[in-house]
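Here come two complexes built around chain A, the first alongside chain B, the second alongside chain C.
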Partner chain A sequence: MITWKRIKLENFSFPKIYDYKKEFIRLEEELPLGIRLDKIYDTVDKTKINWLNTSEGNGLGKEFISFVNEFYNSGVSLYLERNSLIEKPIVVEFNMDKENPTVVDKNIIVAEPNSQATIVFDYSTDEGVEAFHNGFTEIHAGENSSLTIIKVQRMNDISQNFDTNIAYVKGEGKVNWITAELGSQISGSNFTTFLDEVASESNLSSIYLGDGHRKMDLSYSMIHKGPRSISNIESRGALMDNAKKVFRGNLDFKRGSRLAKGGEEEYVLLLDPTVKSDSIPALLCEEDDVQGEHAASAGQINENQLFYLMSRGLSEREAKKLIIEGAFRPVIDRIPLEELKQIIDSEIERRLVNA
Partner chain B sequence: MERKKTYIEDIDRGIYDIKNEFTYKYKADKGLTPEIVKEISKEKNEPKWMTDFRLKSLEIYNSMPIPTWGPDLSDLNIEDIVTYIRPDAEMKHSWDDVPEEIKKTFELLGLPQAERESLAGVGAQYDSEVVYHNIRKELVDQGVVYMDMETALIEYEDIVREYFMTLVPPTAHKFAALHGAVWSGGSFVYVPEGVDVDIPLQSYFRLNAPGAGQFEHTLIIVEKGSRLHFIEGCSAPKYKVNNLHAGCVELFVKENATLRYSTIENWSKNMYNLNTKRAVVDKNGTIEWVSGSFGSKVSMLYPMSILKGEGARSEFTGITFASQGQHLDTGTKVVHAAPYTTSTVNSKSISKDGGYAFYRGLLKVAPNAYGCKSTVSCESLMLDNKSKSDTLPIIELNNDNIDIGHEAKIGRISDEAIFYLMSRGISEEEAKAMIVRGFVEPITKELPLEYAVELNNLINIELEGTIG
Partner chain C sequence: MARELLNIKGLKVNIDDKEILKGLDLNINKGEIHIIMGPNGSGKSTLAYTLMGHPKYEITDGTIEFDGELINEMKADERAKKGIFLSFQYPEEIPGVTVEDFLRTAKTSVTGKMQGIMAFKKLLKEKMDLLEMKEEYASRYLNLGFSGGEKKKNEILQMSILEPKLAILDETDSGLDVDAIRIVAEGVKRIKDESRSILVITHYNKLLDYLEPDYIHILLDGKIVKTGGMELAKEIDEEGYENIKLRYSHI
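Then we have the complex of A and B:
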C-alpha cells in the first residue's frame, strides 16, 4: 500500500498487469551501423559493459521501480556504440486499448562515448479505457555523448500514470529531457539526473496542463557530483478546473562539484479559483564554489494581454488558449516530430477551447 | 601570504560566556513526571485551570513523537534536563535590589544601560524566573501593561486565560506540549487601543544553570490601531552538557495595529533552541519579524504569521550564521487566510567551518485569499566547502487570483568582485569582509543598533583569514 500525502494518493496498490501485445517500436528506416535497438526481453547485458555499475536514485520510490523490474511487459533496450549517430528520432509508442490496458515498460539506453541519438516515448490511451502505466527508464550517457529523451504523456482522464527516469551522465556527456504531461487522472513522474563527472550536462524542459480533476506530482532532480557540471530545469504549466499539481525541483550540489552551475525556473498559470498548486523547489549545497539559482512564480494570465486579444474578436477561451500556447511553444518546438507536435497542439486546443 | 586561521573556539565570546556560580532557591528534579509538573505549578501558586492545563500538555507531550524531518535531536535527552529552576532572587522593580551576581551578568550584557538610553521598558529573566521588570510611567498611565507572565496570570487572569496557548496549542508539536507542561517566566504585554509605544520594550533571557531548560512564554496583545516594537535577546554561557530552550511566543495583532518583533539569539553552542513563535494578524494589521540566529548547537525556528484579516501584512527579515558544530534549521511560515493580504520574506544565511544552515519555509494561500501578493527571497553564502547550505521553500496555492514570486540563490564570493576591490588597493581579507558585510547589510539595518554593531563585529572576527 502506497500513500502520497500531497496529491492524496491513498492506499494505492498495483492493478493486475496484462500482456502488452502490440508493436511499440516504430522504425521508418534501417538503423545505422553500431546502433542496436531491441525489445527489453533480450536486454543489454549490464555485466558486459563495465561502466554500468551504478544504481543510485529512488525515482518515484522503491516500490514503483521494483514493480517494473518484476512485472515489466514491454520496453526497449537501446545500445549506441562508440561514435555512432542516428539523426532521425527513434519512436517508441504505447497506445493502451481494451485488449492491452496496462503498460509496464522498462527501458535501458546506453550511449558509449561520442554517440548521439534522440528517442521519443509517447503514451496514449483509447477513449474509455481505464489504463495503467508504470515505467522505468534508465540512461547511461558516456563521455561526450548526447542524448535527447522526449516523453509525452497524453492518457485519458480515468487512467493512472507513473514514470521514473534516471540518467547517469559521464564527463562532457549531455542528456536533454523534454517532457509533456497532458493527461491521466493521477500522474506521478520523476526525472533524476546524476551529473557524475567533469562538465556533465543536463537540461530539462517540461510543460504540463492540468484540467478536470487531474492530480500531478512532478519531480525533477539534478545531482551535481562532477566539477563544472551544468544543469537547467525549466518548467511551464497551466492549471484549470479542479486540477492539483505538486512540483518538486531539486538542485543538489554534492561536495566536489566545484564550479558547477544549476538553474531552475518554474512558472505556472492559474486559470480557475479552484486549482491547487504546490511548489517545493529545493536547493541543497555542500560545495562553496558553485552557482545555484531557483525561481518559482505563479499568477493569473495578464489581463492586458487578454483584453488585447479579445478586442481583436477572440473569445475568452480562445484568447487564453493562445496565451498558454505561447508559454508552451518553446518547449513544444523542441519535439522533433511534426506529427506529434500536431497531436499535442490539438490536444491542448481540445482541452482549452472545447471543454 | 600567511593566513591566520580562526576557529570558533578561539573567539572570545566574552561577556556571553561568563558563568555565575549556580545558586538557586528551588530546583525541580531532572526529567518529567506529573509530580514535577504539579510541583512547579504549586511552587508558583497557580490557579487550578493552569495546573490542569500543564498536566494535559504533559499527556500530549508523552503521546507525541520526536520530529524526525529536521536536525538530529537524538542527543537531547529530556530526562537529563532540569525543567524548572527558581533563582535565588525575588522579582524586583528597582535595579538596585537585584542580587549582585545576577545584576553583574545583565550589566555586562548592557541591559540597564540600554534601558536608560533607549528603551521604554525592560524585563530580565534568569533561568526560569523573571528577576527584574520595569516600564516607564508614561506608558503605564496610558494603560500599557508590561510584566512577567507569572504576575500577569494573577493580575490579568481573564486575559491570559482567553489567549494563553490558543495560537500555539500544546498539540502543535512535541516541544509545544513540553512548553505547555513546564513553562515558566516570560513577558506579558498588553497595549490598549490607539496607543503608540514609540520606543521599544525589551526582554532579555539568560540561562545560567547547566543542563537546564528555559521555557519562557511571551504573550503580546496589541489592540486596534496601536503600535509596538518588542525586542527579545537571548544568551547563555557554554557548559559541557546540553541545554534546552523551548520557549513560546504568541502575538495577537488587532485591526490596524503594527507589531515589530525583533529577536537576536546568541545562545551558546551546547543549546538546543526549539522555539515556537506565531502571530495572528487582523484586518489591515502588520507584523514585522526581524530574526537573527547566531548561536546554539541546533535551532529549529520558524516564526509563523497567520494573516487572518483582509489587508493584513507580514514582513520577515532573517539572518542565520552557522559555524562549526552548528545546525541551524530556520525559516518562516506565512499563511494567507484572507483576501488582499501581502507578505514579504527576505532571508539570508552564511555557513562556514562545517556549519549547516537550512532555510525551511512555507507559504500557504487559502482558497478564499484572493488578491494576495507574496514575494520570497532566500540567499545563501558559503564560505568554504566543509559547510552545507540547503534551501527548501514550500509553496501551496489554493486559488488563482494571486501574485507569487520566489527566488533563491546560492553561491560564494565571486572572484571578480574581490579582484575589483583589490585593484582599488583593498587587501584580500578586507575585500571579502566588505562583501560579506554588504551581503548582510539589508538585514543589519533592520536590527536595533547595538545588535547591528555586534553582528558586524561577529562577522569581522569570524571572517578573519578563514575564507578563500
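Then we have the complex of A and C:
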C-alpha cells in the first residue's frame, strides 16, 4: 500500500494488469538504416543496449518503477546508431479501452553520438473506461545527440496516470521534453534529467490543465553534473473547478558543474477561487560558479480581458479557452507535429467549452 | 420596418454603489450618426460600457431597448450577437492569440457560421488594406506591443469585420494623429448605411469634421442636457465645457 500525501492518495495499491493487445507503434514509413524500433518484450537481449542498469534517479518512487520493471505489458525500445537521423517523428499511442484498460509501459531510448530523433507518446482512454497507466521511460542521449520526447496525457476523469521519465545526457547531447498533462483523475508525473558531462543540455516545456476534481503532482528535476551544462524548464498551466496541483521544479547543481546554467519558470492561470495550486521551486548548489534562476507566478483571468473578448461575441467559456490557449501558445508552438497540436487544441476545447 | 434601433429611457447606472448615470434618455434610429460629448467624469465611458454589458456596471433603473428587444439583462456576448459593437478606449492585450485567429473566432460567434480559413484571410486582407494596416498585424498577438494608434485602428478593423448594427466608439479619436483620424473616420463611414448606426463618444471634436453627424448630445453629470446639430460642437469648441456647464447644468 502506498500513501502519497501531496495528492492525497491514500492506501493506494496497484490494480490488476491486463495484457495490452492493441498495436501501439505507428510508423508511416520505413525507418532508415541504423535505427531499431521494437516492442519492449521483443527486445531485451537482442539490441546493443548496454548502458542500462543505471540506478540513479527515483522518479515517482521505487514502488512505481519496480512495478513497471516487473509487470510491463507494453512499451518500446528505440536504438539510434551513431549519426542516424529520423526526420519524421515516431508516434507511440496507447488508447485504453474496455478490453485494454491498463497500460504499463517500459520505454528505453538509446541515442548514440550525433544521432537525432523525435518521439511522441500519446495516452488516451475511451469514455467511461476506468483506466490505469504507470510508465517508465529511460533515455540515454550520447555525445552531441539530439532527442525530442513529447508526452501527451489526455485520459478521462475516472482514470489514474503515473509516469516516470529519466534521461542521462552526455557531452553536448541534448534532450528536449515537451509534456501536455490534460486529463485523468489523479496524475503523478516526474521528469528527471541528469546532465552528466560537458555542455549537456535539456529543455523541458510543459503545459497542464486541471479541471473537475483532478489532482496533479508534477515534478521536474534538472541535475547538473557536467561543466557548462544547460537546462531550462518552462511550465504553463491553468486550473479551474476543484482541481489541485503541486508543482515542484528542482535545479540541482552538483559538485563539478562549473559554469552551468539553469532556469525555471512556472506560470499558472487560476480560473476559479476553488482551485488549489502549490508551486515549490528549489535551487540546490554544491558549486559556486553556476547560474540558476527560478520564477513562479500565478494570475487570474482579468475581468476586463474577459469582457473585451465577450464583447466580440465569445461566450465566457470560449473567452477563457482563448486566454488559456494564448498562455499555452509558447509551449504548443514548440510541438513539431501539426496533427498533435490539433489533438491538444481539441482536447482543451472539449474540456473547456463543452463541459 | 421600424426605424428605431436604440431606445434608452431613464437609465440610471451605479459603479460600486456610486450613481454615474442619473436618468439618461437617448434614441438612435437606423442609419444615423450620433455624437455624445461631455467633460471628463460626465459618464461617457459608463454609458459605453453599460450598453455593451460590462458586469461591473449595475443598472438600477430605466430600460435599454435594442432592435425592439429589452437588453438590460443580456450578457456582452449576447449583445454582440444582436449587433452591438464597442470600440474600446483602452483595448485589452491578449498574449498568445493572433489578431487573425481571434477575429475568425469572433466572426464565427457573431454570425453563427464557420469561417473558412482561406476566405477569411482574404476578407481580413481586404479590410486591413482599407485601413492602411500592414499585413503582418494579422499574425501578431492581439494588441500586444501595439502603439496607442495601432490599437485604435485594430478596433476599427474588428468593427469592419464584424459589421455591427450599432457601433459605439469610445474615445476612438484620442491618441491618433491627423492621418490616422482620417483613416479611422473613413473606416467608420464605410460601415454606416441605412440600417447601421454609429454612436461616437468623445470629449474632442476631432472626428466630427469627417463624420457629418445627424445629432450631437451634451452629457453632463450623468444626463443628456442638450441635443442639437453641428452648432453644439462649435459652441463647446469656442466656449469650453466650463461655460457649457453653467449654461446647461440646471436642466
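By our rule, the second predicted complex is superposed on the first by the 343 of 355 C-alpha atoms of A that agree within 3 Å, B and C clash if a C-alpha of one lies under 4 Å from a C-alpha of the other, contacts with A are read in each partner's own complex, and residues count from 1 in each chain.
In this text, contacts are C-beta pairs under 8 Å (C-beta built on N, C-alpha and C of every residue); 3 or more make two chains touch, one makes a residue touch a chain.
The shown structure was predicted, so the numbers you read here are calculated from the model rather than taken from an experiment.
Q: With both structures lined up on chain A, is it a clash or a fit for chain B and chain C?
A: Taken together on chain A, chain C would fit alongside chain B, as the superposition shows.
Q: Check whether A:V275 is in contact with chain B, with chain C, with both or with neither, and answer first, second, both or neither.
A: first
Q: Return first, second, both or neither, reflecting whether A:A298 touches chain B, chain C, both chains, or no partner chain.
A: A:A298 sits against chain B, while chain C stays out of touch.
Q: Which of the two partners, first being chain B and second being chain C, lies in contact with A:G326: first, second, both, or neither?
A: After superposing on A, A:G326 lies in contact with chain C but is clear of chain B.
Q: Using the superposition on chain A described above, determine whether A:N95 touches chain B (first), chain C (second), both, or neither.
A: neither
Q: Output check: A:N144 vs chain B and chain C. Expected answer is one of first, second, both, neither. What do you get?
A: In the superposed model, A:N144 contacts neither chain B nor chain C.
Q: Touch test for A:E287: chain B only (first), chain C only (second), both, or neither?
A: first
Q: Applying the document's definition of touching, compare chain B and chain C: which contacts more of chain A?
A: Ranking chain B and chain C by residues of chain A touched puts B first.
Q: For the superposed arrangement, tell me the lowest C-alpha distance between chain B and chain C in Å.
A: Shortest inter-chain C-alpha distance (chain B to chain C): 16 Å.
Q: Using the touch rule from the top, collect the residues of chain B that touch chain A in their complex.
A: Contact set of chain B toward chain A: 367, 370, 380, 382-385, 387-412.
Q: Under the touch definition given earlier, write down the residues of chain A that touch chain B in their complex.
A: It comes out as residues 239, 253, 255, 258, 270-300.
Q: How about chain A: which of its residues touch chain C in the complex?
A: On the chain A side, the touching residues are 302-305, 307-316, 318-319, 322-323, 325-330.
Q: Under the touch definition given earlier, write down the residues of chain C that touch chain A in their complex.
A: 52-56, 75-77, 79-81, 85-86, 88, 91-92, 94-97, 102, 105-106, 109-110, 141, 158, 162
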